[in-house]
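Take a look at these structures.
Shared between the two complexes below is chain A, which pairs with chain B and chain C, respectively.
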Partner chain A sequence: MASDITNQSGLDVKFPESVWGWLLIILLALICGVFASSVPWLVKYPQNWFVPLADWINIFTDWFEAIAKPVTRFIGNLLELPMQGLREVLQWVPWPVTVLAVALLALHASGWGLVVICVLASLYIALSGYWEQAMNTMALVGVAVPLSLLLGLGLGIYASRTRSGQRIMPPILDLMQTIPTFAYLIPMLVLFGFGPVVGLIASAIYACPPMVRNVSLGLQSVPEEIREAARMSGSSSYQQLFWVEIPAAMGQIKVGINQTIMAALSMVIIASVIGGFNDIGWEVLSTMRKARFGDSLLAGVVIVFIAIIMDRISAAYANRDYLSSGSDAPSKHHFLIAAGALIVLCAVLKFFDIGTAIEEADWAKSIADWLNLKLDEFVGAYGDILTSIKNFFYFFYLLPLRTGLSQSILPFTWGFDFTGPMRISYAVMCVLGAIGVGMRWGWQKGLGVAILAYLLYFGTTGAPWSVVIATLTYLGWQVGGRKTGLFVLGALGFILLTGMWERAMLSVYLCGAAAIMSFLFGASVGVWAASNDTVSAIVRPICDTFQTIPLFVFLIPTLMFFQLGEFTALLAIIAYAFVPAIRYTENGLREVSPQLLEVAVEQGCTPSQIFWQVKLPLAMPSMMVGLNQTIMYAFAMLVIAALVGTTGLGQQIYQALTAANTGLGVVSGLSMALLAMTADRIMQAWAANRYAGLDG
Partner chain B sequence: MFKKTMTAALLSLTLGLPAAYAAEMGAKDETIKLTINEWTGQHISAHIAGETLKKAGYKVEYVTAGYDSQFTAIADGELHGTMEVWSSNAPDLWKKMSEAGKVVDIGDTGLKAREGIVYPIHVKEICPGLPAWEALKECAGKFATAETLPQGRLIDYPADWGTPGADRMKGLKLPFKAVPAGSEGALISEMKASIAKKSPLLIVFWQPHWALSKYKTEWVDLPKAEDACFSDPKWGVNPDDVNDCDFAPARVFKVVWSGFEKKWPAAHVILKNVSIPTEDQQNMMAEIDQDGGKLEKVIETWMASNEAKWKPWIEASK
Partner chain C sequence: MAGEGKTALECRNLWRVFGDAHGGKLANSALPKGDDAIRLAEEMSSAGDIVACGDINLKIKDGEFFVLMGLSGSGKSTLMRCMSRLTEPSAGELLIDGEDFLGISDQELMEVRRRKMGMVFQHFGLFPHMSVRENVAFPLRVQGASEAERNAKADEMITLVGLDGREDAFPHQLSGGQKQRVGIARSLAVDPELWFLDEPFSALDPLIRWQMQSELLRLQTLFHKTIIFVTHDFMEAVRLADRIAIMKDGLVVQVGTPEDIVLNPATDYVAEFVKEAPRTKIIKISQLMEPLKTGKPKKSGGEALHCDMTLEDALSWSAVRGGALPVADEDGNMIGTVPPERLTAALSGGDDGE
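Up next, the complex of A and B:
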């Protein structure tokens, strides 16, 4: 999106015509306020104006399913073969052999340090009684990953080499990553047949975008000299691609491989909702249904360990220099001998029937029971305190954001009524504040204050649709140019016309509330971690765990602490979305150039001045990417948060799923994706402006 | 055809089974796949049915499958039967596939199912008038939370299961706000937390469920349900609205693929006859979920000591 900003105004440049735009929006807001009762459609979009898109989609899919089913079923069966084969091999091999094979791979990829980590992790999986489930999961991932990689490579080449690819791939990739899988599960089941194949395909769809992005980035950044050299030595375009450009882009492509593996793994749990496969995700889900926190935590840790093993090994391969052989690792020769020895060991163990997996581990069970008991005790002892914490956040944070101050200040929430004179003084204060801020820091900031005050009064769900759409479209236009403005208008228009507006605003509210808190929390931890290596070392594995553990696991304790409702959902979303805020903040701060800091010290800046006036502004672009990611993650969690009783688009997707209503599912899923993309476009354009500002 | 029957007869002779079944066994070398859904009671029903089929000489496989999504597979004959479909919470896919004639209802599972509004026993101290439903009018305030103030809070089924709790509260004009639970895990977490904290709780629930055998609970006494209650507003305590009564009794039934009878005639008769006593299921559920027993072991024990119950199902197929 950076390309179309150049000839538009940045936020910091004074452009008189944009003042008029904002004033028009304020006028519209005033009209909505005054004529709310006489022209109600300005505030609340009337139901009989909805476009029945969901019904049309249903008619289309019924038709399409009938035609495509033979083909898709065939593909489904074809994919099932390697997966079942891999599954049987993994189940057949005695677990000690598998553990040693992983150790060998770790040694080959990096060295003894990684071997220790991998062996400990796989020993846990073997001894906790989840070996069978873990191997089934591995079979799924083992086929999903190559599939996504191949798909990603193909699409990546297409995206980097053709004009049409450059144009249409980015939005398609965005959709692949932001439409919740649940939204299209039903048609997938019909098309590909019941069972793990659907999970496989869903994983592949979700996991291939990082590969596409990295492949096309890698290919585009191959130096022109290399291409020229290839052309001069007379290679065909095929040779040039596969023998010259792809090897030259290998570094970037390997980053993509690593990200794709992690994304595929994170989809495992979603795949298990369909069932048909006794995998580790199913185990987590069924213990969650029984609300057995201890058991689901132990099973969830298995997924974390699988993720750690796969991440570290693939990252080690990615970081290894392709030309030089492994540094301290034994030679290729030795590895062949070791592999041979493993095969012999496998035969011996099989012959004596040693090494069949443990089905149930007593030690794991007693830990689980202990955890369950402690959780009960904790809730019993601190229940009242927990309830007061929840009430505080609910009354003073969530409720005002949702329904606005106009509805949330009541005797039984804030302890007093929001009377007429108080409302008027709120309005007067806001106007004065806006003017004050505007005169001191420029009119843009003053307008910002006015708009925030307006939204705070009406709340996310109470604000008139016309004002919301006008504000966001204009904002998009201001920061990202005409293209961004039109995208925002189109996206929000789609949501409005298909009748998803009210649900979408509930989702926006919950996501926004969570993103604000995640970012504040994550950024503070990131600042701390950037200044302290010990903190950084502690925070990193915690971040890894939160990114890979199925979050269903944390729903149970949060539910027991805070009961059903939006506060619990808020915490669940925060638990997932705070990680990128930490990572990008720490990264941004650590990468501020030391020379600049030296200059600042020489000029006699105090530490607090250095932080606020040098480091933070320089780290801001990176932090904005972090905020952007936080918002994306929050949207991704919305569907899971619906399991604890939220009412937005997430719930709608579940309802569509149970009702087998493909159209409704797809429309809600698309609405969610469009919301996420709207936030993404605006933020990215804004961050790009800041980058441009830093360069100049 | 004759040859095939003869081979089957010979085979069953060598396996030591009465030859009399052979003619009706059907494709007994092809595995019958029964579904395993998300709750323990269903696992028990599926295993009892499956183990009985095994005793009769069939190959059986248990496949984990979502309660809703399983019907796409059963309709296509990829999976072959499911042992617990609840009429109160029947997936729309079931209705769709059954109307299309792809899946068949083969009768009750035998469970005495009940749905209603439940509270843990300690709640009686908070609202002494219980279990009479009228007491809730006075007590509503005690069930209030931040989200529902000033109304009381009722935990309803997840929204995708329907909103029976909200319907009741409206029908009976009780000052309660129904909060949808989102998932079964959420319902149980609510119950666990309430018992741990001794806090007030009113929740829509069903039986047989292991939680009701594990925790001491009672049902709220609502006016007895009649058909008229759901169609005629004038019926019952509230003359202006329907749903002013208890839940209609739920039916739990077995469903198989429409091609099942043709492919495995004897197995079809056996499954039709399978009937699982509510008490047995609830006891086994407690053994598994409460005492941590292994499903296969628990089923094995039941099969060994209840021959009198399952033998007749096989006899009937002769």
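Up next, the complex of A and C:
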């Protein structure tokens, strides 16, 4: 029974005749491999065939900027006003009052447990000497979030209410959520000029898709009868929407609010690379640049704590059932008392001049110095070991994936040369292996072995573009039908024509390398957690916290030990991307129906047979979704990792940002988004086939 | 039963077709009648459209308890949705109090719904974020009534349906029966003339359903609304209705009082429903009686069957008497006799009483 399921992967069910297409691709691959010198354009896309899209965009932007400048500057100044106002207020209010306000909010949202967490976290922020920077960040978030929520609410209503919205919003949201964070900043930078407003607007826009999705989902899942009841009561469409549908969808909308807040915070932190605003992200970045990692760590902890406070409070509001809040929720009366008490306290503290922000905390300073010292000592003492770890991964994992075995096996790296006879025996082994696997487990698996062997030989960057595009397009077509195939072709075509191919392949390689390791690590932990409740209970809060932390912070510990470089980037990406692999693996395994397991036990399966032949195949679709998410997370982090030295599209976007080159930024940002969407479409179609196979 | 009162709601050649294979065959000017309409409906179904309502002609009288009965997919709910314009009819006419209801503006439609209509839903359709009081007061809030005014009216309605003390509860804290009481209170809050009930008791347990039916009958004796009630339960229809329209595949196959339908099912399809019905509880003595030959009624002068008595009651009554049983009317006048063998024949379904 279990083996039936394994064989029902979408590929062989749907297109048994597809073998011919694969044979053509293999032929193409052989041509590119053997006759590379006579058809170089099939291997490496000629430079003079590029379409200078980036230049065209720059011409357009220059023209548009000239016209729009008065308007954009006006909008910028308009937004600067509330932001500066909030900043002044947050800086002026004595910190004990702010901490108390946070505590009251936590109490209202949840209970004393949350109060303890929030008070400890905000006390750290106040006492560590980063209060001013933290409040500057909060001023940005405080203006960006309401803007983003309003925008999200409006677009969400549009997306759920109108036919055109239902059609055009989902692809726009997909694009918005895959365009790299830095890429948002570039056009804003050009339009609004250097300054904190860029981060403000970028994060308002960047953070609204989750709100749009949740509003739209919430409105669409309001039961039809409730809508009809409102209509039959004679509601106008305004009354129906604002009195009935939005309140009824509030549970879902609150989930959107939580996600939007976190996205806005994340973007505000990232936007600090623009500089010019003394916020906490900038503090981390500048201390990292000075290699004062002790300071970066202390400031990074501030970011993590801000994120935790904001996430836990907004999540508590989202989880709190509005239905049960009726009786025990504090009334307006309580709210007024609390506000009055805070104002009085504020006045008293101001009068006695207590609670002004601590600018330099001696204890924090000494901890930072101590950390810096210890770190230097550690790196000094164990530097050789760290370097060997780094080189090991670089030579035996990253380099082969990047340039292929053909280029990476050298006396310098592997200690020997990849000689002619060795190359031939590698080819023979691969062919035999592919045939063997094909005979034993079906031709798709054999084909998979062949593709991997080919890729491993030429490397991600060395593989001919024609073969890569043909393979991925055909794969997309096989698993997702014509539409997916065309999408993949179009997306990769765009990257190729605009001259982003080599950069894109560098990104694919690093992303792939990170995704493989994240998934292997995450899936193993997930398997363990599925079989052991204690492990599950420990892993879950860790996953939650890792998901809350703004991406940026992951750079600190990795950079600390391994300096700039791809290995550091790899570690940072893995640290962020392994969480979905754990979650989906554990859920998939735990959701296997107990009845099926009983059947398996009854038939005398050993535990290992049950795991490999029953549980794993049944959990596979869920794990595929986890792999997909892992890849998406890796793409998101890849761009941030450009800060610690990568060579792909991410770095190109970062360069475009520093040079305020809109054309380059837009084209490379789009390329990155298209890569992510290509991976996403293929993986999703594949997972959907798997699900369908299980149902059948 | 409502007598010859004026017509509250009328459907003339009303159609509702889902799908677009029928093209322009439903132009208002040339709507087919009678058998032609049935033929058109069959034609459209075979072309792939779904005829939810085909050529519906109904006159529902003021104060009448009118039941639309049919199995799922028969079009009964769609017909009711057409009557309230939650669904727009494809063709035909709909008149409320003799006035065109289809051609009015959105603003007017909103006004009609605010003042004249109330609806009760199968799954209650309560607003989850509002308390019982807020739910019941909602139609008044929509009209712009002040908070004090609407709360007073809401509390009155809540008392009426027997939910005193639960005003501040939220829907998820109520049982199914209680939820539907809220639904009923809400639909009555604006004192509508037309009261639509869409399978209101289908989601309830049988025992609660019975209680709620009794409750509904009680409310109807108080308010005398024009009720349009949808159900798939024939027994429920028989118990509640003044008249029943039985629907199948979007067409009305029979309209009549419960007794008419039980005694004279128009088609085999209707007969299938009737077979399940406990005839003894439905057939009334007046339909089995042989009228007195002398034109003038006379005082029964004592023991007689009552003309509104059901067959079941008459049987137990006749068991203690022999011979032809006298029948009296409301005023106690002797109006006829029933031979006991006719009662037993009616019981087995062999005698249709004509």
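Keep this in mind: the second predicted complex is superposed on the first by the 589 of 696 C-alpha atoms of A that agree within 3 Å, B and C clash if a C-alpha of one lies under 4 Å from a C-alpha of the other, contacts with A are read in each partner's own complex, and residues count from 1 in each chain.
Here, contacts are C-beta pairs under 8 Å (C-beta built on N, C-alpha and C of every residue); 3 or more make two chains touch, one makes a residue touch a chain.
A quick note: this is a predicted structure, and the numbers were derived from the prediction, not measured.
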Broader residue contact with chain A after superposition on the shared chain, chain B or chain C: B
Touched partner set for A:Val601, first chain B, second chain C, both or neither: neither
Touched partner set for A:Met439, first chain B, second chain C, both or neither: neither
Partner chain(s) touched by A:Ala660 [first = chain B, second = chain C, both, neither]: first
Contacts of A:Glu377 with chain B and chain C, given as first, second, both or neither: first
For the chain A and chain B complex, residues of the former touching the latter: 185-186, 189-190, 193-195, 273-278, 282, 285-286, 288-291, 359-360, 365, 369, 376-377, 379-380, 383-384, 387, 390-391, 394-395, 412-413, 552, 555-556, 559-561, 563-566, 642-647, 651, 654-655, 657-661
Chain C-facing residues of chain A, complex: 223, 225-226, 228-236, 239, 243-244, 247-248, 250, 322-323, 326
Residue ranges of chain B in contact with chain A within the complex: 35-36, 38-40, 63-66, 68-70, 72-73, 76, 78-79, 91-93, 96, 145-147, 149-150, 155, 158-161, 179-186, 188-190, 192-193, 196-199, 210, 289, 292, 294
Chain A partner contacts - residues on chain C that touch it in the complex: 84, 86, 110-115, 117-119, 121-131, 138-139, 141-143, 168, 170, 172-173, 186-187, 196
